[in-house]
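One chain, chain A, appears in both complexes that follow, with chain B as partner in the first and chain C in the second.
For the complex of A and B:
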């Protein structure tokens, strides 16, 4: 009750103070024309859109960089963690130097460093490095050809879906076949082969329906194609490098939590090393690794707010501009909090489900 | 239950206490013995700490002038560096007594954001700087260009408006800090840098070879820069407003840091006598001593001296539209009488 009372008092006091100072409040501004330019947008944006839409562009950018960073940080983290316990001395030392360095530097410094290095090492777009036709690297980013759907794409898309379904059917059949007969057929490789072969056949049968739009240097910048901007690349790289150090340590502790005797016992029974890893080591290591990694994912999402320092238009950057233009800080900060809270609750939910699946089922 | 009631009571008292404070900024400043003045995080010529950590610049000197008028001591200023998006909030929430930080006077800020602007100290306008090698002579040729700028300012809005009005596609790269934006431009990330022309000149002067960069002729916006105070304290707003007018009027009448004592004693001009408190009590109108302008001028000098010291001698900025009204400029201080 006291908490509710205090919350109410804070709320009404804030409202009163805002009124006294003549500051607008409420969320009506979300529908007003934003008028602010945003460089990187996943959805079609122009300054005549509303503040709410501009904020959404920022939220999507935050989501994009967070999701990609989580995926890559996890992959790199696994490599680092496995290297840490590797018997190869050089590999283990390199991994531990990596972890100790990255973990002990502020992320903001890493971001500035990565961004400065990216900008300093890449050439001006006039002298862009051309890797292959349509692939350019310059200070303006990495430009790639953009795939374009041409006539017959629908046929190809449907055929691909059918191929995927067939591959899944084969995978399930292989599993059941093993259970029934004890003979092992690789469902994964077989399914993949079915998928690739069928897709390739339909691609040529429907007369190559995927074209590409090449980036061309014109005036000041490259036009067309698919661009990976330096701000986005630097932010992604910084977040991945930093978070992977932490995830690597989670993976290492997970691996080391499995008693060495179990691995030795499995080896003594003549079980192949791949099966030992998948059936003995991983299920037990994951129990230790997943809860700690949930925290790192949540930190990563929150850390993505440092984007503003290196000019990537994430939610905090766009929101900051909105505050600068209309002064409604309370509302924007509430929206920031709501979005971060929602993202992180979803991450927690997903990770808890995963965690529940790998925990020991006690009978 | 009793514990929680007590907690609630304490909280109520605290909240009411917060509400009751701030009856008058003048009393608060006098009680604190120092003026909390919001400045930039470093804009050469306006507010920038020098190698000894002393704040220099036109905006910083306005803070000093107000402190001299109110407290009789130009050094009784606590400079609070504010990021761009904090500059309005810091003053409306009472974190600082006054923001003097290259802030554009706009209708929305003045009316709906809880602050009042005082008097314009610098008439600026947004411009573009590009590298001379780009080979363009007008901002309308910037189509498809990448432009570096900072967040939380009218700069973004002006850029978008300019692009829409001229059918240009400009790719913005928006940074939190000025320094990062300038560095990104200098490293070639952007084709152009946009901010107020005065600051462009300052940044250009700071490059290793200024001749490699040029400021395009277009000025795409009006940026009247003025100190701002919290809305609702009329006396405090009057004080800051008239200190600025005093600085401008002093230049008009030729009262300088060097001759102010002599002028106060011997000037035959009635307007100067009134301003310097030799006759009448203009300070009394706004709750200050009659010698308020003597304190101000002997501490920082008149507007022309402040401008020359901070902008002309170091950055080479001419007076331009910031000259006195009778010399073809826009500076027109209301009469002190």
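For the complex of A and C:
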């Protein structure tokens, strides 16, 4: 009863306050013209589109940066974690300095540092560093050639999918063959070979259907090509460096949780070191690593909201601008919560499936 | 199909170890164990040589320690007079200069108490009381009361503000977190649903949205007559956020306590409230002290987000110092200094956490 009372009080207060300030409520504003410019957008956007559409652009930006950061942070995190338990003294020391430094700094500081110090130290587009033709690094961002689909791309795309399916079929067959006969055929390398060879064949057979548009320096900046804006690059780099330190710790504790006797026993039985890693170490280490890493992925997605501090138009940044324009904070914050909760739900669902596969099956 | 048998083939026996002197043996096993190790060592050495000497030169050799910005620009290295000049602003923001001794006393009290805690000189009830009294003392000293000149909260800033936000946040959110965890673990279904909703909602969204909510939306929820200033609203937002995480940590501890403990206590006639307060919670907290310290570190790092809602904490002051027109182009120094301060505080907290881990119930013997 007390809770209901408090809820009613809050609700009536809100109603009264909104009236006093002359703020409308409800979601009708989503279709009103937004009039706010957005720098980066995955889909066509111009300020005459509605608020709802602008918010969607922000959601897509959040998703883009989160997914890329998760992929790269996982890769870097694995390298860091494995390095920390390496027998190579120098490597282990470097990795542990990396982890201890990055974990004890606020992410926002890292973002500011990357954005204002690291990226600002790159040259003006006029004197951009050219890595190869079409690849430039400058203050205003990183420019890459944009891949373009030409005639015959459909054929190539279908052939690639077929190749992938064939590779997966081969992989399954190799596993079954091993279970049946005890002789092992490398399903991974065989599958990879099938995929690469078929893709290459179809690529040349359909007359090289992928072209590229090179960025060109014109006026004061590059035109064309695929541009990574400095805000995006800084956010991505900051998130990757920061989260990799945490994932590295998960990987390390996973590896160290496997009893040394297990590895020694496998070595004593003459099992090769690759098989020890894949069949003895990894399955047991993953049991510890995966649940902790799920939390880190979830916090990475939430941390991507710091984009607002360096001006990358993610969902929070766009939403904040909308609040500034029409004051409908309640609706925007409800939308933020809905999107973040959905993303986190999907992350934990996906990771739970993965987790269920590596946990010990108790009978 | 013909059955094939796989015969066991042992690997070649390894050669006997060669006798080596200590230093060479150490190098062999730690840096040049295999061709791959050698490659990694060489590559890393190359990488380190490519930037560490430059970094040291910038930090110390060509750096300026006395003078003004023109001297700095001539020398080309790091410009430390910039930090020295801005030091007071970075520490206490635009707090009145002639009253700066008040936050200084609080800082000394904080350092002394942290020192005593780290070396285990005070413990038990005295420890808890001391830490609970410290922020109240600090609020009185910094804000001014009992005849001291009052200082408006809008001029609080710098590292002082960061530490205040974190300290008050931790000290209020731990008891709140314990209550939430107890509600989730022992509460009636209605209370349980409430606690779970609160915890999961707050843990599901980024801190920034909660800070936005505290700074923009909270005035909408409250009656128009009740005005809470921005700093307090943001502090409340931080406390709510932190208590949800603390609750999850404490819940882990509650689950680690075997049922026999409460059964034994109840069968001895101890009341349920006393059982929870004096048997279960103290043991649960002992189990989760290290992760609780981890949450404290996280909260301290998270206080840097308050600049997004317009408070000038330590990072905010660093940022505005970096934009000072008299000292343009020295932002790297500002951020390096900020990194050093944050790192020192967080690392010493994590050292304390590790020390607790060694003393705790899960210590490996």
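Heads up, the rule we're going with is that the second predicted complex is superposed on the first by the 351 of 363 C-alpha atoms of A that agree within 3 Å, B and C clash if a C-alpha of one lies under 4 Å from a C-alpha of the other, contacts with A are read in each partner's own complex, and residues count from 1 in each chain.
What we mean here is this: contacts are C-beta pairs under 8 Å (C-beta built on N, C-alpha and C of every residue); 3 or more make two chains touch, one makes a residue touch a chain.
A quick note: this is a predicted structure, and the numbers were derived from the prediction, not measured.
Student: Once chain A of both complexes is superposed, is A:36 in touch with chain B (first), chain C (second), both, or neither?
Tutor: first
Student: Quick check on the superposed pair: does A:337 touch chain B, chain C, both, or neither? Answer first, second, both or neither.
Tutor: It touches chain C, and chain B stays clear.
Student: Touch test for A:94: chain B only (first), chain C only (second), both, or neither?
Tutor: In the superposition, A:94 touches chain C alone.
Student: Is A:17 touching anything from chain B or chain C once the two structures are fitted on A? First, second, both or neither.
Tutor: So A:17 meets both chain B and chain C here.
Student: Examine A:140 and indicate which partner it touches, taking first as chain B and second as chain C; both and neither are also allowed.
Tutor: First partner only.
Student: Per the definitions at the top, what is the overlap between the chain A residues touching chain B and those touching chain C?
Tutor: Touching chain B in the first complex and chain C in the second, residues 10, 13, 16-18, 20, 116, 308-309, 320, 323, 329 of chain A appear in both lists.
Student: Would you tell me which residues of chain B are touching chain A in their complex?
Tutor: Residues 4-5, 7-8, 11-12, 15, 18-19, 84-85, 88-89, 92, 108-109, 111-115, 134, 142-146, 148, 151-154, 156-157, 159-161, 163-164, 170-177, 180-181, 183-184, 187-189, 191, 230-232 of chain B touch chain A in their complex.
Student: So in the complex, which bits of chain A are touching chain C?
Tutor: Per the stated touch rule, the residues are 3, 10, 13-14, 16-18, 20, 86-91, 94, 100-101, 103-109, 112-113, 116-117, 181-183, 270, 272, 302-303, 305-306, 308-309, 316, 320, 323, 329-330, 333, 336-337, 340-341, 344.
Student: Enumerate the contact residues on chain A facing chain B in the complex.
Tutor: 1-2, 5-6, 9-10, 13, 16-18, 20-24, 35-39, 47-48, 116, 119-120, 124, 139-140, 218-221, 223, 230-231, 308-311, 313, 317, 320-321, 323-327, 329
Student: List the residues on chain C that touch chain A in their complex, please.
Tutor: Listed in rising order, the residues are 4, 6, 9-11, 29-31, 33, 37, 40-41, 44-45, 48, 190, 194, 201, 204-209, 212-213, 216-217, 219-224, 297, 301-302, 304-305, 307-308, 315, 319, 322, 331-332, 335, 338-339, 342-343, 346-347, 350.
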